[in-house]
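Down below is the structure, laid out as structure tokens.
Chains here go by letter, A, B and C, matching the order in which they are written, and residues are numbered from 1 within each.
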Amino acid sequence: MHLISIDDLSAADIENLFSLSDGFLEIASRSIKKVPSLRGRTIINVFLEASTRTQSSFELAGKRLSADVINIKGSSSSVSKGESLKDTILTLESYRPDVLVMRHPQVGASRMATRYTSASVINAGDGTGEHPTQCLLDLYSLRRVYGRLDGLKVAIVGDVLRSRVARSDLFGFRKMGIDVRLVGPPTLMPPGIEYWDVPVYNDLDALEDVDVIYLLRMQLERAKGKVPPVPSLREYSRVWGLSQYRVKPGQRVMHPGPINRGVELSGDLADDERSLILHQVESGLAVRMAILLTAVAPAAEEATG
Amino acid sequence: MHLISIDDLSAADIENLFSLSDGFLEIASRSIKKVPSLRGRTIINVFLEASTRTQSSFELAGKRLSADVINIKGSSSSVSKGESLKDTILTLESYRPDVLVMRHPQVGASRMATRYTSASVINAGDGTGEHPTQCLLDLYSLRRVYGRLDGLKVAIVGDVLRSRVARSDLFGFRKMGIDVRLVGPPTLMPPGIEYWDVPVYNDLDALEDVDVIYLLRMQLERAKGKVPPVPSLREYSRVWGLSQYRVKPGQRVMHPGPINRGVELSGDLADDERSLILHQVESGLAVRMAILLTAVAPAAEEATG
Amino acid sequence: MHLISIDDLSAADIENLFSLSDGFLEIASRSIKKVPSLRGRTIINVFLEASTRTQSSFELAGKRLSADVINIKGSSSSVSKGESLKDTILTLESYRPDVLVMRHPQVGASRMATRYTSASVINAGDGTGEHPTQCLLDLYSLRRVYGRLDGLKVAIVGDVLRSRVARSDLFGFRKMGIDVRLVGPPTLMPPGIEYWDVPVYNDLDALEDVDVIYLLRMQLERAKGKVPPVPSLREYSRVWGLSQYRVKPGQRVMHPGPINRGVELSGDLADDERSLILHQVESGLAVRMAILLTAVAPAAEEATG
């Protein structure tokens, strides 16, 4: 089983992953946080773009499943010797890994990798393409908090233009019956957004009636050498940045991290009890254990003992 | 249990760690150098400042205790995306680690981390602040060599100004009854040293009657862009560098490593049988296993089987 | 047992390694790809020169043998603080590792390391010196494909000047009875090659009657700041680059990787069924498991169960 796009999964697949995740969440609260499910299996994390949280989440997930995990990182990679991605994947395939977890700066890189390996490929972010495990952990956090997904109202706010999270979340949230809208300045909406068939608002008033405000990270690191889509960070922050005062009592705030305190949200709001940011990280570890286990042994739902 | 400053430990705590270390030292001499004590536990090494020896020592210590160990390093860290230390720690906390081992260029970083995690935090060096596990391994080496600590005379020599080791060693050595003095040029003594209540000498004659000469590393890498505290390395080496001829027959030489051969000591002296430098490294691995075990299971003294 | 040069091994030693490798190759095809042979043993990979494939191959080999593996890499190493190689090795020796796997940009670095450690040292490439595990995996691939080594005809083609693989392969191939010749432009042959006692050809006609064409990687990354030994890559590729059309039906093509598609060989040829490039990678993992096991327990041939 590959996981390249959130559209690779049906609603039933997602529910199965969440049942597994419930077990792993419980295991994470024990003192012995480890199960033997993937002993002797090989997971290779291929991260050809910088990452701390996603990479460490997958590494720890693999280790807690007792798999052998090795990390291939961009800076230490043959890529610096000019090897193509195809040859990198073909080489790793010769080790007969069970799973390749892959992050790459180019859209479509994970999809391409599936052509050259018999391992399960998990897309851990491909440029501005997709980030399906982020969508799954977001959904799992919502399910844990609200007990349901169907009928929730979520606004995804901010830098949609450069966000793979926005794409995966939009598609995955709708699949589970969530009512999604996009909110942000027109310059941060991608060209062709009218074909996404989603309501787009250019005003924070659109947050009034939602259950959850999902703030996107301003992707400052993807701005190099381009005309910036906002006049200045300070101005963006003043108009679009959220503080405690702009969030209503019953609303919840999510963010994929790492957060820019003082840009898309205030530090106060990040630390507010309405924030689910750390809840999401915790969900991520459990969901990724479920994904890895399913990737290796699709029918292993009962193996989490 | 956190270990931020050597002052967090009483003399009795230190003796308990050394009893555990004796067991781990013996295990390191077996062919199977591993015990199951921390199986299923999670140790995260957060090294946001370059390190080889301390990081590898902790990593190996964790693995020989059968823990799951993951390494977060500065260059590959979200820190490059502008995330604050607080958010890095809060994120890692969501994985429910048992121990965070932390090195950071800022004084006080490990102390701050304790606010945001329920894991035990081990300070593996915070700027020019402290390096308590270095102090413990130094004490353990002295205890192994002399059979006692109380009443030993030790001179700490050289770059006190920029040395966290000097600070931790001074405080820890005195706690165990060691008679400590500082020796070096006035420009390498920190401002306010008169409040440390320790004899300071600006002449190598002060080494005459000590048992142990503890040489500090010239922290060349912390000198960037500042007026250098010594006129030139060659001149420093000629006046303050130690060679075999300046060390008396019964004296021992220590150094926290990595050494600058030809600067604070000659290559001959580094390789001399009076040097304890490698003995210290060996002690370090055993002591760090004891620290990790105690951090996870404070009453586990008998678990080293 | 150290493995610094392919000449450290007799033909019988090599045959023993291959018997072990056969077992490990079979294990790699299982779903549980792990044996307990080196449980509790410590392997330190010291890679002070960039590498992906050799480093990951050794790391995975160690983990599948259940050893504790730690990686020391150049960029994160004390080397950046000016520590000498001697002191790095002495420090690591204090951890009592069973094996040091070492890559270093200087010829002779691994040989030097053997002076300062009681661990087995495996040379994973020392500058333009040797790369004996590459030779062993190449031999093992040939043995798997042809069922024999004695009497095979192999042409080693291209950048002999800057290739440690050429050196190790030449010496090792001849030891096993292979008929070797070197082929390439005179400017890519090292000075003094006349003393190697091997036929040298400056024309691709010399490939006519060989069984195997072993293409070397153009070591572009070793060319910095020197007069390039070929006028241009495009010209080199046009004259010396191999495509499908220049390889005869029964011939096989090998390459140590990473390949430069479009330089020493065409992409079509790399992907051709006559190419053994990925077969070599697969052989490498099995051979390295055999080498590590033998390095720790020379008489452990029967331990692969």
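To be clear about the criterion, a contact is a pair of C-beta atoms (placed from the backbone, for glycine too) under 8 Å apart; a residue touches a chain by one contact, two chains touch by 3 or more.
From a predicted model like this one, the values you see are computed outputs, not experimental measurements.
Chain-to-chain contact here is organised exhaustively, every possible pair of chains being in touch. Homomeric contact subunit A/subunit B is classed as different-residue, with under half of its interface positions used by both copies.
Per the C-alpha superposition, subunit B sits rotated 120 degrees relative to subunit C, a value rounded to a multiple of 5. Here the CA centre of subunit A is 39 Å from the CA centre of subunit B.
Among all residues of subunit B, those that touch two or more other chains are 75. Residues 28-34, 50-53, 55-57, 59-60, 63-64, 73, 75, 220-221, 257-261, 270, 278-279, 281-282, 284-285 of subunit C are the ones touching subunit A in the complex. Remark: subunit A residues 39-42, 44, 68, 70, 72, 75-84, 87-88, 90-96, 98 touch subunit C in the complex.
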